[in-house]
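Below is one structure, written out as structure tokens, with a few remarks after it.
Chain naming follows the written order as A, B, C, D, E and F, and within any one chain the residues start at number 1.
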Amino acid sequence: MSEKSQARPNVQAIMQEVAPHLAKMTTEVVFGDIWERPGLSKRDRSLIIVAVLTALYRTDQLRGHIGRALDNGVTKDEIAEIITQMAFYGGWPTAVNAAIVAKEVYDSREG
Amino acid sequence: MSEKSQARPNVQAIMQEVAPHLAKMTTEVVFGDIWERPGLSKRDRSLIIVAVLTALYRTDQLRGHIGRALDNGVTKDEIAEIITQMAFYGGWPTAVNAAIVAKEVYDSREG
Amino acid sequence: MSEKSQARPNVQAIMQEVAPHLAKMTTEVVFGDIWERPGLSKRDRSLIIVAVLTALYRTDQLRGHIGRALDNGVTKDEIAEIITQMAFYGGWPTAVNAAIVAKEVYDSREG
Amino acid sequence: MSEKSQARPNVQAIMQEVAPHLAKMTTEVVFGDIWERPGLSKRDRSLIIVAVLTALYRTDQLRGHIGRALDNGVTKDEIAEIITQMAFYGGWPTAVNAAIVAKEVYDSREG
Amino acid sequence: MSEKSQARPNVQAIMQEVAPHLAKMTTEVVFGDIWERPGLSKRDRSLIIVAVLTALYRTDQLRGHIGRALDNGVTKDEIAEIITQMAFYGGWPTAVNAAIVAKEVYDSREG
Amino acid sequence: MSEKSQARPNVQAIMQEVAPHLAKMTTEVVFGDIWERPGLSKRDRSLIIVAVLTALYRTDQLRGHIGRALDNGVTKDEIAEIITQMAFYGGWPTAVNAAIVAKEVYDSREG
């Protein structure tokens, strides 16, 4: 399984220590099964996950998934559209929060 | 503006009566601007909205948007994938709820 | 204590049967203490509660509190403003849902 | 696998039709693995789930899980304590909603 | 348009870079239209927003809006009442979180 | 009242300063009444609260309650089970977040 098909290494290690069955299912079920299913492309799954983590205000998980979305071919302009649409469906605070997270991710990848 | 670019007629009428500025912005900003922006296709926006309304447990609004998603070219198999992925990101209850709503929408369109 | 300072009678009876300590605290703490505190007027508390129940999508409890808001002197025009503002802070689905609930409450009071 | 270890029959059938992979994972992973793990008793898992579905306002799924909790040995007095505690952690509207659901479940089992 | 009628400068700059249409709508629609509508005073809108951001646990956005509320004439005693009422409607954790944010805002304005 | 029956000292002090009635009710009602009620053991109440704060993504309050749960006799293995079950009911991001918080709490208690 490629590195992209896993949780971020340090998060995976923490789960392994604190809740090993959760770590196992993260690898085998979430990334090993759901994300690999052919019914939706990885690009489409990333569109969805960025939107949902924005609207649910899951700030820390959103950070990782914006990076993954870029790796899966979602453009920064598309992320801008997702965040803007979420302002209307999850509320302005969720969109503003996502914009700040996206800025952090973009900056860290340029560094 | 086409009928698809509006809220459902009875909902639009209720908003017009109870909160007319909300009705105006629904037509002009949400459906007239956001949904029409070229940065994401209507099909992609529908993917996202079905996912988000599932995860946020917005049952009644999900009903309308599953129908709109079908109109925008999202297939029932893709909706199944969205709902299944949401089980892992919004929690099982949100996915089960969405499956029941989808069943209602599919049945009503076949009637 | 006046009727306005209690939960709706049938809800109060259900709580009394199913969770009597909750019923007791609803009467003594929520309506007997919090709502009676002089630091905010009942009108201001109703403004807040209608907004919060809209944004949290607590549909059934919103129904009761829209009626209570009218009793506390909040006007229908002010409720329209609250609902419209919530579209931007809790997301459009919460505002649309609240508009439908408000219409039901207004209709039932005119009947 | 016993009947108690599955989703309610009609819900399971709807998932099977609308999102078959979700149905499969509900049976194999959620009820076949998670609920059967020895690290927490079924009674403890039911305590938790009733609390969480109350606080998340997942009304329809709460209905099924209050019945399951009674089957797993949680008493009505314990459900009252859970609901009352949730008033303070998920907010009063979630507790009031859960009390109404519990009343419906209790009545339907006595009928 | 006065400075008070905008998002905080650095947040506005981030939105401008990451999601420029969101930045435009924040200025033109949220602060330029909604907050300026005469149907509710700015003080009343601030009451509502502090309550809603508390109950939705939007910590970072709450920080900015507690400062704005003070600027709009809401007193610290009224903010205490809002936070206390939210303990009962959004749950204790949301109120405790808001108290910590309020303390930070008060301290930073005295510095 | 023992130290365990109160909010963390610094949080209690902030509430006392910013919202004194909230501080009073935290001590007298939440910890003085609800947590002391005999209908559920403190261990059972901690099970529930860790689950609910995980699923609601109340990160900061979860931190304090994981420590309290250990004090109330919940084991680390049971906390692992709770977090894992929450992945399925509140969604994966809530469980991953809780695992990170648990790791911080465990490390700080060993230090």
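Heads up, the rule we're going with is that a contact is a pair of C-beta atoms (placed from the backbone, for glycine too) under 8 Å apart; a residue touches a chain by one contact, two chains touch by 3 or more.
Note that the structure is a prediction, hence the values are computed from the model and not measured.
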item: Which of B-F and C-D has more C-beta pairs touching across its chains; value: C-D
item: Over-half contact-pair match to E-F, picked out of the listed pairs B-E, A-D or A-E; value: A-E
item: From chain A, the most remote chain by mean C-alpha position; value: C
item: Whole-Å gap between the CA centroids of chain C and chain F; value: 29
item: Rounded Å distance between chain D and chain F, as computed from the means of their C-alpha atoms; value: 22
item: Junction residues of chain D, two or more chains touched; value: 21, 25, 29-30, 37, 53, 55-57, 80, 84, 87-94
item: Complex contacts: residues of chain F adjacent to chain B; value: 55, 87-94
item: Complex interface listing, chain C residues touching chain D; value: 7, 11, 14-15, 17-22, 25-26, 30, 53, 56-58, 60-61
item: Contacting residues of chain C [partner chain F, same complex]; value: 21, 25, 29, 37
item: Of all residues in chain B, those that touch chain D in their complex; value: 57, 76, 79-80, 83-84, 87, 91-97, 99-100, 102-103, 106
item: Of all residues in chain F, those that touch chain D in their complex; value: 29-30, 34, 37, 39-40, 44-45, 47-49, 51-53, 55-56, 77-78, 80-82, 84-86, 88-90
